[in-house]
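First subunit A sits with subunit B, and in the next complex the same chain sits with subunit C.
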Partner chain A sequence: MFELPSGAEIQGIIASLKASVGFFIPEIYLSVLFMLLIVIDLVAKGRKNNLLSITTLLGLAGSTIFIYQQHSLPAGELFFGMYVLDEFALFFKYFFVLSGILAVIVTMADEQFDREVKSIGEYYALIVAMVIGMIMMASSADLLMIFLSMELVSFTGYLLAGYFKRNSRSSEAALKYLVYGAVSSGLMVYGFSLIYGITAQTNLIKISLELAAHGSDSLVMILATLVVLAGFGYKIGAVPFHFWSPDVYEGAPTPITAYLSVASKAAGFALLMRFFYIAIPHGGLPPEDKLGLDWVSLLMLLSVASMIYGNVVALWQKNVKRLLAYSSIAHAGYILLGIIVMSDLGTQATLLYLLSYFLMNFGAFYVVILIANKTGNENLEDYRGLGIKMPLAGAALTVFLISLVGLPPTVGFIGKLYIFSALLAKGSLYLGLALVGIMTSVISLYYYMLIPLNMFLRESKKPDEKSMKLDLAPQIFMTVLMILTLVFGIYFAPLSDFAKYSSAMFGITLH
Partner chain B sequence: MLSLIVFLPIIAGLVILAVPSSQKQIIRIVSLLAALAQGVLAVLIWRGYDPALPGITAGPGGSPLGSFQFVEKVPWISLHLGGFGSLNIEYFLGVDGISITMVILTALVSAIGVLSSWTIQKQVKGYFILYNLLASAMMGCFVALDFFLFYVFWEIMLLPMYFLIGIWGGPNREYAAIKFFLYTLFGSVFMLLVMIGLYFSVTDPVTGQHTFSLVAMATQTNFNIPGAIFAPENHLWRQIAFIVLFVGFAIKVPMFPFHTWLPDAHVEAPTPISVILAGVLLKLGTYGMIRINFPLFPEVFHASMYVIGIFGAINIIYGAFCALAQQDLKKMVAYSSISHMGYVLLGLSAGNSEGMVGALYQMFNHGTITAMLFLLVGVIYDRAHTRQIDKFGGLASYMPVYAAVVTVAWFASLGLPGLSGFISEALVFVGAFSSETTRPIAMVSVLGIVFGVAYLLWSLQRMFLGKRKADAAYDLEIGTDGHEHIHFHDWKGKLDLDGRELAMLVPLVLITIFLGIYPMPVLGMLTSSINKLVQVLSPVVMSQM
Partner chain C sequence: MEQFTTIGLNHYLTISAILLGFGLFAVMTRKNAIVVLMGVELILNAANINFLAFSKFNGGMEGVMFALFVIVIAAAEAAIALAIVINIFKLFKSVDVSSIDSMKE
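Take a look at the complex of A and B:
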C-alpha cells in the first residue's frame, strides 16, 4: 500500500535536496554550458564556427574552478545515496573536463570537418553533454544512476561517432556502436535486476552490506557479475566485448576516436572500480565457498585476453587509426591489471596509468590528425618519408608511441612501472599476470615502431607536390604534449601524488 | 663531475638542435668538442681516482662514500605509497674500479666515433643528435648506481641505436634495426620485473627504507624483508631472478644462443655505429653481470659458474668457427667479437681474482681493438664499396700504412704477446685453469685461440698478400713513375689512410701496444675492486649471513 508522505517528510526531502544541490555545482554549470552552446549555435550560424569552439573551451576550462572548490567539501553521499562526492570522483571530473578540452582542441585542428559537414552545429554541445555524462558515471553510487549516466554517455557517443553523415564509414561506425551498445546495456541491466533480486537494494554500499550480512547464491552472483561486466567491458573495450571498437575507431571522426578511446574508456574504468570495489568487494562470496570464479578471476581473464589479442592483432594493421584501436584494447588489459590487484597501490597505479594514457593517446591521435590533414588519409603506406618532411611531427609521434610501448623516459613507462609494482608488491601471486604484460609489451614495440619505421626509414614513393608545413599553433600544442610526456616520465611525483590523493573511495581504502 | 661527463653529449645535442641543418660542419664540430670535453673529463676522473678504494659494496656505516668515488647522490623521486612505505628513487652516480675503465673506454670510443662519423652526409643534424643521445646514455649506464637510473639509461640507448642503424645503415637495415630493438627489449623488460622485485626485498641500512640502490643491494644482509620475493630463503625465486637478469645481459654481450642479432646489426650499421656497438655496447652486457647480476645473487652465481663457463667456451669456439666461414670482412669481425666476449664470460665464470681481472681487462682491450677492426673495415669499404674478402689481394704493396695498422690490429686481436689482447687472454686462462670448476672448460677453450689465429691470419693473407685477383674491387694501372698503382673506381680521396683516419687509428694502436707492454695503468685501477668483488662472491662470506 502506498501512503502519501507526511508534510514533515516532504519538508525533509526538500531540505535534503537543497543541501545536495550545493555539492552539484560543476554538473549544473556544465548543463548550463550545454544549453548556452545550443543557443549560440542558433544565433550565430556559420560554417566554421570559432565562436562555438572558443566558448566550449573557455566554458570547460571554467568548470575546473568549480571542481577545485569541491576539494574543501566533505566527501559523502548526495541525493539519497544516488550520487557521491569523493576524491575518486574529483579525479575523474578533472580527467573528463580535460579530455573534453583536448577533444575540442583536436577538433579545431582537424580539416576533415571542413570537408564533411556543413555546420558544426550541436557537435560541441554533444561533447559537453558527454563530459556531464561521464562525470556522473564516475560519481554514481546507485544502480539506477549508473544506468542513466551510462546511457547518456552512450547516446552522445553514438551521435558523435556518426557525425559525418555523408561518410558511409562514419555512419557504419555509429550503427555498430549503437547495436553493440544496446546489447551490452541490456545485459548489464539484466545483471542489475539479478543483484536487486538478491539484495533488494540499489545503493552500492547497501548492496555490499546486504551481501556481507546474508550471503548469496554463488551461481546467481556469478551470472550477475558476468552480465554486468558485459556492460562495463563494452565501455572499456576489453576482449571479448571489443568487437565494436576497431570499426568504430576507424570510422568515427578522429577527434571522437581519441575522445572515446581515452575518456569513455576511463569512465568505464571508474564505474568498474566503483561498482566492484564497493558493491561486491570480495566477489560477493566468502572465501571458502568460491567456485573458483569470482569477479577478480573474470577480470584476470579479460585482462590477459585483451593484452594478448589487442597486441597480436595490431601487428597486421595497415591503417594507423585501426592500429591505435587495437592498441587501446591492449591498454584496457594493462589498466585492468591495476584493478585486479585490489590494493591502494593498485588503485593508484590504475589512475596514474589513465593519466599517462590520456597524454600519450591524445598526443598520438593529434599528430595522426595533423598528418591526415596533409595526406588525406591514415594509411601506414602514406607515412613513408614523412619524418623528413615534418621532423617535429615525426619526433612527437615517436615519443608518444614509445610512451605507449612503455619505454623510459616517458610517462607510459611510469604507468607500467606502477602497474607492475602493484602486482609484484603482492609477492609472487600475480607474477604470471606481470609476465603476460611484459611479454605483450615487447610484441607491441613491433607494431608501434612500424609508424616511425615508415616515417623515417623509408622513402616516399609519391612525388611531393604539396607543402607539408604545419601551422604554428598545432606545432606548439604538439610540442607541449610531447614535453609533458617526457617531463612526467622523468619527474612523476606530481602525477603520483595526485593519483594517490584520488584513490580514496567513500573514505574506504583497501588493504 | 660525473653528471657533466654523462650529460655533455646531450647538451651538445640540444645545441645542435638550434643549428640549421645546412650547417653540417658546425654540427660536426660541436659534437667533436663535446666528445673531446668528455675525454678531458675522463682523464681528470682517471687522475683523481684513488685505486685503493674498493667500491662494489657500501663503505663503513653502509654509506657509499669511502668506497665509491665521485659520488653524486640526490633524492630524485620520494613518494609515500600508503601501505608500502615509500617510493625512493635516487639520482646516484659513482665510480669504482669496474666502472672507471669503462668510463674511460666510453669517452675514447665516443670521440673516435665522432671522427668516424665525419663522412656521414645524409641528415647530418638528426644523426648527430641521436649519436649524442646514445653517447650520454652509454656513459650514464656505466656510472649509475641506482637500479632505476641504470634501467632508464639502459632503455634510452635503444631508440637512438634503432634509428642510427635503421636510417643510416645498409640495404637490409630495417630488418637489422628492429631485430636489435626487439632482442634487447626482450631482455630488458624482464630486468624491469626483477628490479621491482628487488626493490620490495631490499632496505637501505642508513634510512631503513626500500631502495633501488645497487650499492645497498650488493650486501646480502640488506635483503632483510621476511617473505619478500627475493629474500635469502626464497631460493627458487632468487634462481629465477638470476637467470632472467643473466639472459637480459647475455643478449647484450651477446652470448650464444642469443647472438643472432649482432652479425645483422653490424653488417647493416654504418662504421661509427659498429664501432660504438662493438666497442662499448657489448661491454654493457658483461658490466651489468659484474655490477648487478653476480653480487646481488652470489649463491646462485656460485652454483652456476660452470654453466657460465660452458657458455663462454661455446662463444669462443662457435664465434671463431663462424668467423672462419665468413666471406664478408665485417661479418668476420662481428663473429670475432662474439668469440672474444666469450673470453670475458670464461674469466668471470672462474670466480677468482685472476679470471675476473682478466675479464675486465679483456673488456677494455676488446673495446679498443674491435673499434680498430671496425674502423679498418670501414676504411676499405669506403674505398671499394665491398667487404668481400675475395675481392682483394696484394693490398699490402699498394696501401702500406693501412696494411701495417691492419697487421697490428689483427695481431692484437689474435693475442700476440706484446699487444694488449695477449695479457687479458692470458689472465683469463690463468684464472680459469686455477679454478677447479672451470679447468676442463678452459682446456677446451684454448682451441678457440687456434681457430682465432686461423681466421685472422687467413683473412690477412687473402687480402694483403699475393697479387691482385682478376675480379678485384680495384683497377691496376702503371703510374708515370713506372710503378704499379691501384685505383678504386670512384674514390677521390687519398689511396692510403688519410689524416682523419690516422687520427682515429693511431691513438688506438698506441694504446694497444702500450697496454701490451705495461698493463698496470688499467690493472692497478681494477685490482682492489675485483678483490672486493671476489670476496663478496665467495661462499665463506655467504655462509656468515
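Take a look at the complex of A and C:
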C-alpha cells in the first residue's frame, strides 16, 4: 500500500529537516536550558540558594536574543508544514518568555515556598518546559503539533499547580486541573479525528483548501468545532469550560496562578486564532446552510456568557485570589470579542489586550503575594487598613485594579478601547456585543474597588501588631510594573504598533 | 446483503461513537478519580479508532501517525495523573472527586 521512499527522496527529506532547524533555534536553546536546570538541581541539591532562579532568569532573558534574530528570517512553514514562523508567532515567543521571567521573579518574592517545600527542585525546569510548550502552541500549524504542544503545556501545568504536595489545597487544585484538562483534551482529539476524516489532511492550510474545494457536511463540522472548542475553551478558561479555574487559581501556588492566568490563557488564544482563522476561515459552512451555527456565533455565545458570569459571580467573592480567578474568566470574554471581529484590527486589538492583561494581572498577583507574605492569607477581610500600613503596595494594587476595570489613564483602558473600536468598526451588528462588554465592565468596577475600599477607608479590626515593611527589591519591581501600567496607558503607540506588526499570520485568508 | 458481510467505515465509526459515549458517561457519572481517568482513556481510544479508520479509507498515513502519538500521550498522562491521585489519597484518604472540595464557599 505504501511504497518505501527512494534514496534521493530520503536525501531530500534530510536536507529539508536541516534547513528547518535553522528556524528553530530559540526552541532548541530553551530545551537545552531545561536540561541544564535539571542538572544544576542535581548538583546543587540541598543547598538553599538562588542559583537555580538566577540561571533561569538569565537563560530566559538570553533566549530573547535568539528570538530577536528571527525577525530577519522570512515567514514560512518548517518541518513539512508542522510548524510556522511568522510575526504572530514571534509576538507570542516574546510574550511567553517574558511571562516566564515574571513568574520566576514573582516566585522569588513568595515566602510560601519557604514554608511548603524543602527545595525548589524541578520547579524552574517545569516553568521553562511550559514556556517551550506555549511557544510551540503559538507556532504549530498542524493538528498533531497542536495536540502535542497543548499536552506539554497541560502536563507541566498539572505538576506546577500541585507543586505544594503536602498542602491539601494545592493538591486539590492539581486534581481538578487534571480531570477537566484530560477530558477536554480528549474531546479535542476526537474533534481532530473528525476533521481529519472530513478533509484527509492534518495541516491547517491544507484543511482550509480542502474545505473550500469540497465543502463539508454541516452537522459533522459543527460537532467537530464544538468538541475542538471544548479543548481550546478549557485553556482560555471561558464559560462553559471554566469549572476548573476558580478552584485551581485559588489552590495553586500564587506565582503559578498568575502564570496560568496570563501565559497559558494567551497560548490558548493564540491557538484558537490560528486554528479558526486559518483552518476554518468562513466558519466551515456555506452561507445558505439552515443550521447557521458556525464557530463565530459559538464564540459570541462563549464571550457573552464569560463576561456576564465572570463579572457577576466575582461580586460575592471573599478571597482575593478567587476574585481574580473570576475576573480572569470575564477577561477571557473580552479577549474573545477581539477574535470574533475577524479583521486585522481585531487581531491587533486582541494582541494589545493580551499585552495590557499581562502587565496588570502579573502586577495585581505580585502585590497579592507581597501582602500574603505579611498577613498569611488572601482574605478580603484581612486587607482592612493595609493601605495605611503599606502605602506603596496599596497604591500599586489600586492602579492595577483600575487598569483591570479598564479606566483611563491605564493600559487596561487602551486594551478595552481597541477591542470595542474594532467591534464597532465592523458594523452595527456587533453593537450589542460591545454594549454587553461595557455594561459588564461597569459591574466589575464594584468588586475590584472593594479591595482599595478595604485597604484605605476601613479600619483594621486587629490592633497594630507588627511592622509591614517590604524589602527594597519587591518595592522597586512593583513600582516599575505600576509605572509601566500608567505610562503605556498614556503613551501606547509602541504597544499598538508592535501589536499591528504582529498581526500578520502565515497563510491567513480572512477578508 | 453485502453491507452486512463486509466491514466498512461506518462500522468503525459506530464503535468509536459508542466508546466515546461510554467514556463521557464514565466521566460525568463516576465519583472515583481513577474511574474518571479510565473514561478519559476511552475517549482517547475512540479518537484513535476514528484516526485509524479514516486513515485506512482515506489512504494516508497521517492518521496512523496521529494514533501513535495519542497512545504515547495517553501513557504520559496516566503517569502524571496517577502520581497526583496517589498524592490526593495520602492527604484526603479518599479519591472521591466530589468529596475533595475544601475550597467551595
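Following the convention adopted for this analysis, the second predicted complex is superposed on the first by the 501 of 511 C-alpha atoms of A that agree within 3 Å, B and C clash if a C-alpha of one lies under 4 Å from a C-alpha of the other, contacts with A are read in each partner's own complex, and residues count from 1 in each chain.
As a convention for this text, a residue touches a chain if its C-beta (ideal position, glycine included) is under 8 Å from a C-beta of that chain, and two chains touch if they have at least 3 such contacts.
It should be emphasised that the depicted structure is a prediction, and the values quoted were computed from it without experimental measurement.
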item: Which superposed partner A:G162 touches (first subunit B, second subunit C, both, neither); value: second
item: Partner chain in contact with A:M221 - subunit B first, subunit C second, else both or neither; value: neither
item: Subunit B versus subunit C as contact partner of A:Y491, first or second or both or neither; value: first
item: Which superposed partner A:L30 touches (first subunit B, second subunit C, both, neither); value: neither
item: Which superposed partner A:A230 touches (first subunit B, second subunit C, both, neither); value: neither
item: First (subunit B), second (subunit C), both or neither touched by A:I438; value: first
item: Touched partner set for A:V183, first subunit B, second subunit C, both or neither; value: second
item: Partner chain(s) touched by A:A125 [first = subunit B, second = subunit C, both, neither]; value: neither
item: Subunit A-facing residues of subunit B, complex; value: 76-84, 87, 123, 126, 151-152, 155-156, 158-159, 162-163, 166-167, 173-174, 177-178, 181-182, 185-186, 189-190, 192-193, 196-197, 199-200, 227-229, 237
item: Subunit A - residues contacting subunit B, complex; value: 343-345, 348, 388, 391, 398, 402, 407-409, 413, 416-417, 420-421, 424-425, 427-428, 431, 434-435, 438-439, 441-442, 445-446, 449, 452-453, 456-458, 491-493, 496-497, 500, 509, 511
item: List of subunit A residues in touch with subunit C within their complex; value: 1-2, 143-144, 147-148, 151, 155, 158-159, 162, 165-166, 168-169, 171-172, 174-175, 178-179, 182-183, 186-187, 189-190, 192-194, 196-197, 200-202, 246-247, 250-251, 317-319, 322
item: Subunit A partner contacts - residues on subunit C that touch it in the complex; value: 16, 20, 23, 27, 33, 36-37, 39-40, 43-44, 46-48, 50-51, 53-54, 58-63, 65-66, 69-70, 73, 76-77, 80-81, 84-85, 87-88, 91-92, 97, 100-105
